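First, the structure itself, so that you have it in front of you.
For reference, chains read A, B, C, D and E in written order, and residue numbers begin at 1 within each chain.
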Amino acid sequence: MMMKRVLTLVLFLSLFGLLAHNVMEMPGKFTVDAPAYNDTTQHYLDNAPSETGAINVVGAILADYRAFDTLGETIVLFTSIVAVASILKVTDKKTREESHDE
Amino acid sequence: MNDIIVKTVARILIPFIQLYGIFIMLHGHVSPGGGFAGGAMIGTSFVLYTLVFGIDKSKKKFSERVSEYAESGGILLYIALGLIGIIMAGSFLTNIDAGFPKGTPGSMFSGGMIPLLMIGIGIKVASTFITLFHTLIEEEEA
Amino acid sequence: MIAQLPIVSMVMLLGMALIIPLFKRRNFSVTTSLGFVVLLAVWVLTLLVLWHVRVEGPMTYRFGNYEAFLGIELYIDLFAVLFVFFILSLIMVIYVYSTGDATEGVAEKEYGRYYILLFILLFAMLGIIYTNDLFNTYVFMEILSITTVSIISIKRKKENYTASFRYVMLNEIGSLSYLFGVALLYMVTGYTNIGLVAESIGQHWTAYPANATTAIGFMVVGVGIKSAVFPFHVWLPDAHSTAPSSSSAILSAIVVKVYILIMIKVLFRVFGLSVLDVIPVSTLLIAVAATGMIMGSMFAMAQTDIKRMLGYSSVAQVGYIVMGIGLISVLGLQAALFHVVSHALMKAALFLSVGAIIYKKKIRKVSEFNGMGFEMPVAMVVFTIAALGMIGVPMTTGFISKLNLGLAALDGGQAVLVFVLIVSGFLNALYYLPIIINAFLKDNPSQIRVMRVEKIPKTMLGPLVVLGALIVYFGLFPGVLIRVLEAVAASLL
Amino acid sequence: MSALLESVLDHINYLGAMALFVIGLHTVVTHSNLIKKIMGINIMGTAVFLFFVAIGNVTDGVPPIITGEDVIYINPLPSVLILTGIVVVVSITVYSLSLVVRIYETHGTVDQKEIARLNDEEAGL
Amino acid sequence: MVWLNALIVVFLIVCAIAVERTKDLVSAVVILSAYTLMMSVLWLMLHTPDVALTEAAIGAGVTCILFLAVISRTERYE
C-alpha cells in the first residue's frame, strides 16, 4: 500500500519534472516581442474601438469578434441546468421509488 | 434562521449587490466586467436571500416558471441577434456591419449589440446559478 | 445562400432543443414528430452542402465578417461535410428507434429532457466537425461531454450514477489536457485558427521544439482519453453498458468517432507531416493501438453481461482506427476513415438489436441468449450480420475495412500488424460466434420453450433492418465510399 | 546558480501552472473521496487558466481598455478564452456535484473504495 | 514585484496541497476558496481585471457555495 503511494508520487513528480523541463525552454518574460503578441493582438488593440465601438477590448472580443464561443458557453450553462434537473428534479414520488429500487 | 440582525442586514445589502451586478453587466464594454461577473453577482445575491429567508420565500420571488423563461430567453435573445446579422450582413453574429448603432466609444450607449449580448449572458448566468442552487439544496420530502 | 446553410442547420437544431420545454405538457408524439421533421430538414440541407462542396470545393464561413485571424471560422470541406452527413443519417435511424424505446429505464417525465440533450449533442457534434478554431473545438467538446454523460445518468439507476461520475471525471481531465495543449500552441504561434497555427508552427517549432512535443502530447492524450484509446478506456465499458440502449448506440457509434475525427484534425491539420516525421507519434500510436486491439478483445471474452462485452469490443475497434491513423499514409488514413463508418454501422446495429431484446425479454446475460433466434428472429439476424462484420467475414463492411487496414499495414512495411489484425479477428470470433450459435441452435434450458415470435414495435424494427441492409450493402459495393474517402484522406495529408 | 534562479523567476507562473496542474491531476486520479476529486478538477482548471494569463501578460502593461494614452496594453485574447473556460468548468463542477448527491443517496457513501466494495458485495451475492 | 509573484505562486501550491490533505471537507472548501481568491489577486497583478473579477465572483463565490450545499447533503468527514 505504502509502496503504491510512493510509486504514484514518484510518477507524478517525474511528470512535473518533465513538464517543468519543457516549459523552461519556452519564451520566458513576455514583452511585446513575444510570439503570442502578434498582428492579431495589435489589430484588436488598434481597431477594436473603431470596429465595434467598445473601448474594453476584452468585452469587444468576447461579444463581437469571438461571439460564437460565448454562444457555445451559454449553451454549456443551459445544458448543465437540463442535466442537473434530469438527475435531481423529483418528478413524482412513484418513479423515484421505482428507479431506486433494484 | 430567525436572526433579526441577519435579516435586516441582508435586506439592506441585497439591493446594492444586485445594483452593482447590473452595473458590472451593463458596463462590460467600457470597464472590466461583463455578463459573466455581473450575472454571477446577481445570482449570488439571490443565494444570500435564500440562505437568510429560506427556500420557500425565495422560490416565490424567483419561481420555476420565471427561471425557465430566463434560461431559454437568454439564449433566444442571443440567437435572435445572430440571425439579424445573417439577414442584414450575411453572417451570423455580425455587429456594426449589421446596422447596430456604434455610438461614441467610451460612453454607456456604444458598442452596438455588445451590451445587448452582455444582458443576455447576464440573465442566463444569473438564472442558471439561482436554479442550480435551488435544485441542489432542495431536499426531497421523504 | 448556400454558404449560410451549415450555420442555419446548427441554429435549427439548437432552436429545436430550446422549444422542447414548451411542449412538455402536451402530447409527447408532437415533440418527437417535430424533432424528426427538424432532423430531416437538417439532413436535406447537409445533402445540399455536400453536393455543393463536391462540385465547388471547400468553403469557409466567417462569423461577423471578420478575417480568419480575428474571429472564428467554419471550414466546410469534403471531410467535414461527409462525416456530418453520415452522423446525421445514423442519428436519424437511432432517433426513430429511440421513439420506440427511449424508455429503457428513462422515466416518462424525462423524455423531454432526453430529447433536449439529444439535440444539443447533435449541435455540438456539428460544431466540432465544422469549426476551424482550436478553442471553439474545446467549447463544443465540453458541451458534448456534458450531454453525453447526462444521457447516461438520465436513467437514474445507481450504477448509472457511478459510471457517469467516472466518465465525467476522465472526460474533464481530457478536456483540460486538450486546453493546455491549445494554450501551449497559442503561446508560440499567437493564433487559435487551425490553418494559421499550422502555417506558423512550421516557423516556430524549430525555435521551441519542446513546445510542439508537449502540446502534441497533451492534445493527443486529451482526445485519446475521450475516445477510449487503450490505456484510457477504463470509463467506457461501464458508461456504455449502463446507458439506455439508444444512448449506448449514440455513444459507441458516433461520439467516440467524433473525438477520433478531432484527433485526425489535430494530427494532420494542425501539426502536419513535418512535425509528425520528427516526433515519434506514429510508433507510439501503433503500439498503443495494437495492444488495445488484443487486450480489448481479451477483456470482452471475460464478460458475462452482453452490453459490457460490446463496450469492451469498442475498445478493440478503436484500436483498429488508431492503427490506421498511426500509419500516417493515405492508404492507412483511408482505411481508418472507412472503419469509422463501418464500425459505427456495426456497433449501432449491435447495440440496437441487443436493446430490442432487452426491451422485450429483460435479459442481459450472454448465457440467456440461447434460443433467442427463434423468439426474436429479426433482432437476432441483424445481430448476427453485425457480429459477423465485427469478426471480418466477407460480404460485410467489417471485412472490407480489415482488408484495407491489412493492405495499408503491408504498404507501410509493418507486416506484424497484419498478424495482430488476424489474431484480433480470431479473438472476436471466439466471443461472438458462441452467442450466434447458441441463439440459433440451442434451446434455452431455463425457460419452458414457448415457440412464440415476439413482436417489436415497427419504429424499432425499421432501423434495425436499415442498419443490417447498410452493413451488407457497403460490404458488397464499397467502391464509391472508398473512392470518396481516399480523396478525403489525400486532402488531409 | 543565479542564472538558474533568474530563469526560474522568469518562468515562475508557468512552473506554478504546471505544478498546480499536476497536483490537481494527482488529486483526481488517486483521491478516493468523490468531492475531493471535483476539487481536483477545479484546481486543474485554474492551473490552465493561470497558464493562459501568464501568456497574455506583458511586463509593465496595462489592462486593455483603450484610453488613447501612449501605454503598452496586455494581450486581450487569453482573457477572453479564460472567461469562457471558467464558466465551463463551473458547469462541469455543478453537474458532478449533483451526481455526488445521488451517489450518496443510493450508496450511502461518497468514498470510491467503499462504493467499489459495496458493488463487489452485491455482485458476490 | 517578481518576488511577490513567486510568493503567491508558492502560496497557491501550498493551498492546493492542503486541499488534498485536509480530512475535513468544509475546511477543504474554505481553503479552496482562499486559493481561488489568491488566484484572482495574482491575475489582478498580471493586469487582467476582467478575469480576476469573474473568477472572484464565480470561482470563489458560486463554486464554494455549491460545494457547501452538497457537503451539507452528504458527509462532512472523509
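One rule holds in what follows: a contact is a pair of C-beta atoms (placed from the backbone, for glycine too) under 8 Å apart; a residue touches a chain by one contact, two chains touch by 3 or more.
Quantities reported herein were computed from a predicted structural model and do not represent experimental measurements.
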| item | value |
| --- | --- |
| Set of chains adjacent to chain B and to chain D | A, C, E |
| Required minimum of steps from chain A to chain C, each step between chains that touch | 1 |
| Greatest separation from chain D - chain, by CA centre | C |
| C-D or D-E - the one linked by more C-beta pairs in contact | D-E |
| Most distant chain from chain B by Cα centroid | C |
| Chain closest to the middle, measuring from C-alpha centroids that were averaged per chain | A |
| Chain centre separation (chain A, chain B; CA means) in Å | 21 |
| Chain A-chain D separation of Cα centroids, rounded to whole Å | 9 |
| Chain A and chain E, separation of their C-alpha mean positions in angstrom | 16 |
| Approximate Å spacing (C-alpha centroids) for the pair chain B, chain C | 37 |
| Where chain A touches two or more other chains at once, by residue number | 19, 23, 26, 36-37, 40-41, 44, 49, 55-56, 58-59, 62, 64, 66-70, 72-73, 75-80, 83-85, 87-88, 96, 100 |
| Touching two or more other chains - residue numbers and ranges from chain C | 14, 18, 63-64, 135, 139, 142, 146, 149-150, 153, 156, 158, 161, 186-187 |
| Interface hub residues of chain D, defined as touching at least two other chains | 15, 19, 21, 25-26, 54-58, 63, 65-66, 77-79, 81, 83-84, 86-88, 91-92, 94-95, 97-102, 106 |
| In the complex, chain D residues that touch chain A | 7-8, 10-11, 14-15, 18-19, 21-22, 25-26, 29-30, 54-59, 64-67, 72-73, 75-81, 83-84, 87-88, 91-92, 94-95, 98-99, 101-102, 105-106 |
| Footprint of chain B on chain C - complex, ascending | 4, 7-8, 11, 14-15, 18-19, 21, 61-65 |
| For the chain E and chain D complex, residues of the former touching the latter | 2-3, 5-6, 9, 12-13, 16-17, 19-20, 25, 28-29, 32, 35-36, 39, 42-43, 46-51, 54-55, 58-59, 62-63, 66-67, 70-71, 73-75, 78 |
| Contact footprint of chain C on chain A as seen in their complex | 19, 21-23, 25-27, 35-41, 43-44, 64-69, 72-73, 75-76, 78-80, 82-83, 85-87, 91-92, 95-96, 98-100, 102 |
| Complex contact set, residues of chain D against chain B | 63, 65-66, 83, 86-87, 94, 97-98, 101 |
